[in-house]
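The structure is given below, and queries will be raised subsequently.
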Amino acid sequence: MEYFRRTNSFFAAAFVLLLAVGLMAPNWFSYLTTISLAKALVVIGLVILLRAGLVSFGQGLYYCLGGYSVGIAGHYLQWTDGFLVLLIAMVVSGIVAAILGLLLCRYREIFFAMLTMAFSMILYGILVKSVGLGSTDGFNIHSVSFFGWEPGTDKLGLIVYFLACLAALIVAVLMHRYFHSPVGFAGEAIRENEIRVEYLGVSPNRIIFSKYILAAVLAGAGGGLTALASGHVDPEMAYWTTSGEFVFVALLSGTAHVAAVFIAAFLFEIIRTYAFDLAPYNWQMILGATLLLIIFFLPKGLWSIFTIRRAGGGVK
Amino acid sequence: MDTLLVILVDGIVYSSWLFLVAAGLTLVYGVMKILNMAHGSMYAIGAYSAASFVGWYFSADYVPWASYFFFIGCALAGGVIAGLLVERGVLRLMYGSDEVVMILVTYGVLLILEDVTKLIWGVDAYFAYQPYGLLGRTKVMGITFANYDLYLIGVSVTVGALMWYGLNRTRNGKMLRAVIHDREISMAMGINVTRTFIITFVLGSALGALAGGLTAPALSVVPGIGIEIIILAFAVVVIGGLGSVEGAAVGAILVGISRAIAVHTFPEIELFVIYGVMALVLSVRPRGLFVTATARKI
Amino acid sequence: MSVILKTKNLSKSFGAVTAAANINVEIHEREIVGVIGANGAGKTTFINMVTGYLKPSAGEIDFRNRNILGLSPRHITKIGISRSFQVPQLFSELTALENIVIAHRLMKANRLEVQAPLKTQSAVDAARGSLAEFGIADYAEAQVTALPQGTRKLLDIAMAMAGSPDLLLLDEPTSGVAMEEKFPLMDTVMEAVKRSRAACLFVEHDMEIVARYTDRVLAFYDGHIIADAPTEEALSNKEVREYVIGTELHREKEGKEERTYVESP
């Protein structure tokens, strides 16, 4: 369709570029890119919620569920097909979100933030105590196959990288359309004025419920991809710091464009990798300070640097 | 019968602790409409301050009994300093932002404070068991319990009583309640909001630190002890209703007793009980027991 | 003409305060009704009850012979009752055009689409048409926060009319609008209302406006309706003159039109 042509061509070009880079780049680079693409999926879910005015401090819940779904399917059930396990990860996340969403969709602001955080910490607590699932150490995922073909360990990284690129492309195209759709705008409308939305004949709670599930499914996919790429899952995926990093990336990218999320996630992953090595005890402090600076100086995220203020736009 | 008594005692001890942990959070929210994510860090700072003081004090061979006042004082001092720095250094710049932005701001503060505590106290565990051991144990009706737990109950009740008295019977407290009730009107009436905010935040931080300091002798103080506190405190506070001190007390008792029952009957579900009570209350009263959800005036 | 809205003994009390007592009202198709009364007389409470925002303590509400008591605002909106607000309820960070496009799309869809764009050419054209109808087309691209008060009021009403309601309830359409803009604003609104063939009930403090635009007047005093009659008759009613118009005149003389300027959070 005409409406999305420019952005779609941009996504397609980026996809081709990523594939080409993957074939040439060293392993550590494609691994890092895979992880940042996977995390970007989670953050896009968070951005969907942010656009509706909601901050979830608990997307780690679904990131972790997705990862463990892939792990349990492969490790305990011997279902190894990459596509199948990713689908399972998304379905499991979606189902859990549909249950928790019944309570959560009635809440906004700090309640929503804290309750989502509490739920993710419950999963963390359960996993830490589950000896069968490796407690705090988690467990490894050994074999992954694609339609019966099992790539060797030397090739697996690249295959998962391609898979991540494909997932990213699909999500980027669909979510860009979603942002511009009536439901997408309904989110912004809810953020701005729920009473008006209600008086336009639409239930804010139902819209939020659907967005929460969508965000969870995306997070599940991201967690599943991360599990496939790293070959390992542990409870840390549900820990508050993981969820907090997603929030951080979402604020960094802002909510203006899907593409910004991928850029922010990639930047974050690179900085994290180095900063973590250089200053393991100062990493959170750097994050926190940057967060405050973003909120203070760039409340609409990095993307706001690139966009010119709309004509007639008032001062906020 | 014995089990029942044990459950009751455990429940009351845990409730007292929960109340201490949650009181500062709800006070700060009530007055400032800020859900302070860094409350857990205040707890950690209090615990570290107390633990390092206890370590020094007992190695120096002073009168052991005096330590009970000093280590609490140390925890409080840690909380006051940290609270003052956070309020003047960061929060002050952000007043007027909406609640979601403030939660992100305090989240940033939490991240910073987590590392600051690591920089100051390192990552090794601190032990401050002396005050706990020193009080010994008592055997009543066939059950033994640590006297330190009685001390904890005592402090918690004292804090609760002081808060109640302060808020209901003193001039400043009445002003605080006015701000809790209607911030805009209070401002219009000439209540000095800047001062109120500083005092409230410092008080809230000090309460968090006090809870940490009192807990320090009962466990090993390690990095990351603060974070579970904030979620737990939120669960307790939200049961009663955010911003309500009475609510925090009721929430603490509900959660404390429920947890004790779980621990002594089905220990596996301990974690669920805490949040289960919260979910149950919220599904009936969406804003907690002491707060009624009101429709916005249009 | 047939009755579309009928309330029977509608009452609302908040604790010990009675905000509305035994309100019996009938609104006919395409009728223009003015509602007058001092602040706190129960006018907004009445609108809030009819649109489902407040649950009445007692009484019944029928819309087109259907009991609508207990329905949610969104349900009531869907079956043809819309309202505007004393303080315009808009999407502040979006443009005027986006506000209208969203209103059109949300009102008309039974299921909201998740992949098709919101701003299709036809939707945007329709929205521009609607802005033009209300004389605010020049502000299409402006963010709501930058709009003058009168324009906000018009936008709020335009959004209420997006779903082509059968009954339109306007809560003080001219409050907060400069004196000299009131008549042009009401001209615009009333033309749009007449064209849409909706019945309209509006709350108004200015008796000249009430006299010019309405067929019938409901006068509220202390939660009760003290007069329900054709405009001229109602405005010359002794009780109305004493309890409603008298206080309005008094208020105008003192020159302090009270407005509740509570900006939505």
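Each chain gets a letter, A, B and C, in the order it is written, and its residues are counted from 1.
Going forward, a contact is a pair of C-beta atoms (placed from the backbone, for glycine too) under 8 Å apart; a residue touches a chain by one contact, two chains touch by 3 or more.
If you're wondering where the values come from, they're calculated on a predicted model, not measured in any experiment.
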Report the chain ID whose CA centroid sits closest to the centroid of the full protein CA set. A
Chain whose average C-alpha position is farthest from chain A's own: C
Per the centroid of Cα atoms for each chain, what is the distance between chain A and chain C, given in Å? 43
Where the CA atoms of chain B average out and where those of chain C average out, how many Å apart are those spots? 48
Distance between chain A and chain B based on Cα centroids, please, to the nearest Å. 33
Which residues does chain A have that touch at least 2 chains other than itself? 195
Touching two or more other chains in chain C are residues 85, 89, 264
Where chain B touches two or more other chains at once, by residue number: 98, 296, 298
Could you list, by residue number, the parts of chain B that touch chain C in their complex? 98, 295-298
How about chain A: which of its residues touch chain B in the complex? 53-55, 57, 103, 106-107, 109-111, 113-115, 117-119, 121-122, 125-126, 195, 240, 244, 247, 251, 281-285, 287-289, 291-292, 295-296, 299
Residue set of chain B touching chain A in the complex reads 35, 90, 93-94, 97-101, 103-105, 107-116, 118-119, 123, 227-228, 231, 234-235, 238, 242, 271-272, 275, 278-279, 282-283, 286, 296, 298
Would you mind writing out the residues of chain C in touch with chain A in their complex? 51, 72-75, 77-78, 82-83, 85, 89-95, 98, 101-103, 105-107, 109, 112-120, 139, 141-146, 159-160, 162-163, 264
Note which residues of chain C are touching chain B in the complex, please. 44, 48, 53-54, 85-87, 89, 262, 264-265
